[in-house]
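Labels for the chains are A, B, C and D, by order of writing; each one numbers its residues from 1.
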Amino acid sequence: MKKEYRTIINDVALPYKWALGRTWTRFFDGLKEEKILGTKCLQCGKTFVPARSFCPDCFVSEMEWVEAAQEGTIVTWTLVDAEYDGQTRKPPYVIALVKLAGTDCCINHYVGGIDLSDLKKVRQKLKEGAKVKAVWSPDKKADIHDIAYFAPVR
Amino acid sequence: MKKEYRTIINDVALPYKWALGRTWTRFFDGLKEEKILGTKCLQCGKTFVPARSFCPDCFVSEMEWVEAAQEGTIVTWTLVDAEYDGQTRKPPYVIALVKLAGTDCCINHYVGGIDLSDLKKVRQKLKEGAKVKAVWSPDKKADIHDIAYFAPVR
Amino acid sequence: MGKSVAIIGTGQTRHGRRQDVCYPDLVKEAVEAALEDAGITLKDVDGVVLGTMPSMMEGVSSTHFYFAEAMGSVGKPVLKVETCGSTGQSIGHCGFFWASSGMADIVLVVGSEKMSEGDGQATMNTVFDPFFQRTFAAGAPGVFTMQSMEWMYRFKIPEDKGREAAAMISVSNHDNAMDNPHAHIRTRVTMDDVKNARIITYPVRLLDVCPASDGACAVIFASGDKAKKICKKPAWVKGIGFRGEEFFYGESDKAIWMSATEAAKEAYSQAGIKDPLKELDVAEVYNPFTYQEMIFYECFGFCPRGKAPDYVLKGTFKKGGRLPCGPSGGTLCTNPIGATGLIRMAEAALQVTGKAGARQVEGAKLALSHAMGGVDQFNGVTILGSEQ
Amino acid sequence: MGKSVAIIGTGQTRHGRRQDVCYPDLVKEAVEAALEDAGITLKDVDGVVLGTMPSMMEGVSSTHFYFAEAMGSVGKPVLKVETCGSTGQSIGHCGFFWASSGMADIVLVVGSEKMSEGDGQATMNTVFDPFFQRTFAAGAPGVFTMQSMEWMYRFKIPEDKGREAAAMISVSNHDNAMDNPHAHIRTRVTMDDVKNARIITYPVRLLDVCPASDGACAVIFASGDKAKKICKKPAWVKGIGFRGEEFFYGESDKAIWMSATEAAKEAYSQAGIKDPLKELDVAEVYNPFTYQEMIFYECFGFCPRGKAPDYVLKGTFKKGGRLPCGPSGGTLCTNPIGATGLIRMAEAALQVTGKAGARQVEGAKLALSHAMGGVDQFNGVTILGSEQ
């Protein structure tokens, strides 16, 4: 018997040329030199990483460049153990929100340099407040992966 | 001097599995057998190609299958002479709206089998009301390209 | 509040894997059901609002055009609105604004998704900027799980207690879905099933997570005057609230969650609700993840901060509990994203008009419906009531 | 009409190739300008409506989230609306509904596109269904040119006359753009330049077609009461109209074009306009293609069917003519798609409030603005006036 309905399988690919603008270009140039650059709002005093061209709280452009610490603490994390189309890493891996010392927001990144085979041990190591430090990629492309991952300190 | 801003070039590709449903599956199966199938609304009597599962005018599902003529007339056309990402043909080529005899709407397709080197001659051949006829692809995949193009008659 | 507006009809498809129909035909299924429920025809409709996920989910970027016949929008004004997961609430709010402005008497609102045609998590990744956050997203589970962990850390919720309560939420949603003929997943699960399911994003497991569904929902809004004329028992819009958050995920506090908290607060204030746990009869909370559902309970004032697991464990939000949540089986058992938030609203309308069948909460008069979108950035709340 | 609503401020970026800024920063440029024009701050804004093309144009599918800070929507209700090219009118209408419903006093409406970041025609192709129409689309030029040919056949317009009138439209829009500091293309062209430009889709040539621009526009709507309190000279919304058409391109008559005709008719009826050519002082018609602009003139009742070329050739729609069209240089010289329809509305607002600078039509009191979307499926019209 003939099948009554069918599906058609296809991809749609679209090309992009994303502009970084001055602020993000400088932020990524910083990564290439192993510096994590943020901007500090001259009105409210908050420091944002990645750098912003204007303060998200005050809507003003008066910001000054600062170099952020490369150490920070874990605010939250999860161990990803499922595959999705579009992922750049093969699971399992850990993603986390990291608050760099002296900044007023968190950044998303991987946490690496730990053994993921025993969940209990992972859970003991990766707590809220656990200290982590940026580990740099040897090959730098001026993109967010110039930081290879954050690794637990001590 | 260092460039102040940069762009990042990348593609985004997304995968799809499009469902044809019963009506469109049968329509494309028809093409494979060199038949152009439409549906006729039992309420208003209009015939639509490609086949529809319900009448777009009456919003009722009472439709009967009909085989449409393979000849029709050109309602409008244009000669495409510019390249775009995502085109399946290399320009120049002609696209047109063709009204198959006995149907109440037009379909989009290519017009082929004509010499495109002299615009004046093209313009003389491809007029509103000019008769065209479906030319079938030798290799059929049960998709809209089973009709290779419409070609002028006489 | 503006001029009063009511819901006079709702319609849903059979949700699930619907490869038997093309996408426009799926949408028509919901539209026809809603028209029938309201006892009107397309001719009575003055305007149409459509919502889906970011529109490349199914590879057709302009679905308001793809569905022109399926939603009967030919010859009518039509709007396409999308705010990710919160789309269903946003299109409802848009329908409300339109009818309340006096520019339309009857507005047809349609939400849909056909997730079997695309890749949900790949599409979800395109929601993020391509520079900073996209590669660390791990789809929706990644961010929603990080939020849940942040919440448990903040309120010192022991891992075991969180796990137990989340499992109970999964079990009770699955139980409820058995009463809902539209639901996608209709299987009972046990506490052990949930706790032993495979890990997606630790500690979240497969049965803590919604499915990817095909489905559509249509809801018909009418101006107050029109509603009273043509509908015996409309569901009145008592309050609406919506809030957006920051672009950088790491910039806002997701354990407290301003957007969810403030959206509910605004809706309550319009509806005159002071003690939601006492005054609401039923809630349709957008719950694609069990752990996250508990954060919503706290944001919506159903219990104090950090106490949701305790309330869950004592059965407050179960069928027969003080405030039944998700009698439909919720997002956890059915998630056609662009439709999901509108399904919550439709279910709330069914409840306050006594038309919810086997999933009816006896005597329900005041209901909360809700949806969340982006990567935690958007929350929308609508309160419906049986009285004007 | 509902409760009265007015535009109290507008802002535009410098449009063109803006690779000097990231996309959110481009949007902020327009928002800042509009706030300054209205003399308010973000704190005064009750809600935000954003519109863009189908959102994969720039590869970020949820721009309402990407722009959260740039449009100041954090902590506010926010809607994302997109109807392709007609987006700019749709978001304006949405702003109107919202302010008119009484649920907001001030609504910030933002439209944007950064076409240098994506591929416009490749994105345009995703608008079509993947089964029947996508591969024959040839982007926007293909369908718009077929429509123009259909129109010339229908009304037996000689090819040379059509060509001459279309060239004149190109020349006059390019001339007008010289007066507009925001315009993307600011170069004078001659009739011969247009007629000898390279063919895109015969008979349409390069100078018959709009550019792909980066740009954003912001327009601030206020309820009538609020507008009168805080704005000396608001632009009043006198009428809005929008219509959708069929999904299959070949199903409707594009030479008559129901959606354009009926959208204008509805807006005229609300505004009390009977003879648009006489009563309107200026029009900002959405004109990405010269030939197509003439079809709009006929649909909008500026001249009888089939007579647009004659009216164009006698100068009716030029600067100083009976009804100046596109004093800004129009879409033909600036097309950041999601912003374009809103730019038309902003330009109309500038005209009726006497703030249009070098492009001001002396004493303009009543203006039409318009946008078209999909592949001819959507048309939206808004009439603005200097008096309530």
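Just a few scattered comments:
One rule holds for everything that comes next: a residue touches a chain if its C-beta (ideal position, glycine included) is under 8 Å from a C-beta of that chain, and two chains touch if they have at least 3 such contacts.
Please read these numbers as outputs of a predicted model, since none were measured by experiment.
Looking at chain A and chain C, the chains in contact with each of them are B, D. Across B-D and A-D, it is B-D that has more C-beta pairs touching.
Of all chains, the one whose CA centroid is most distant from that of chain A is B. Our note on geometry: chain C versus chain D, Cα centroid distance of 34 Å, whole angstroms.
Annotation: 46 Å between the Cα-based centres of chain A and chain B. Our note on geometry: chain B versus chain D, Cα centroid distance of 30 Å, whole angstroms. Between chain A and chain D, the centres computed from C-alpha atoms are 39 Å apart. Along chain D, residues 19-21, 56, 59, 68-69, 74, 117, 119, 122-123, 126, 130-131, 246-247 each make contact with two or more other chains.
Those residues of chain A in touch with two or more other chains are numbered 4-5, 7-8, 10, 12, 14-22, 24, 28, 56, 85, 143. A complete topology is adopted by the chain contact network, contact being made between every pair of chains. Residues 19-21, 56, 59, 117, 119, 121-122, 125, 130-133, 135-139, 141-142, 145-147, 149-150, 153, 159, 198-202, 204, 246-251 of chain D are the ones that touch chain B when the two sit in their complex. On chain B, the positions that touch chain A within their shared complex are 2-22, 25, 28-29, 85, 142-143.
Considering their complex, residues 18-23, 25, 28, 42, 56, 58-59, 68-69, 72, 74, 114, 116-119, 122-123, 126, 130-131 of chain C touch chain B. Across the interface of their complex, chain D is touched by residues 8, 10, 12, 14-24, 52-54, 56, 59 of chain A.
On the side of chain B, the complex with chain D involves touching residues 4-5, 7, 10, 12, 16, 18, 20, 24, 28, 48, 50, 56, 75-82, 84-88, 95-99, 105-110, 119, 122-123, 127-128, 143-145.
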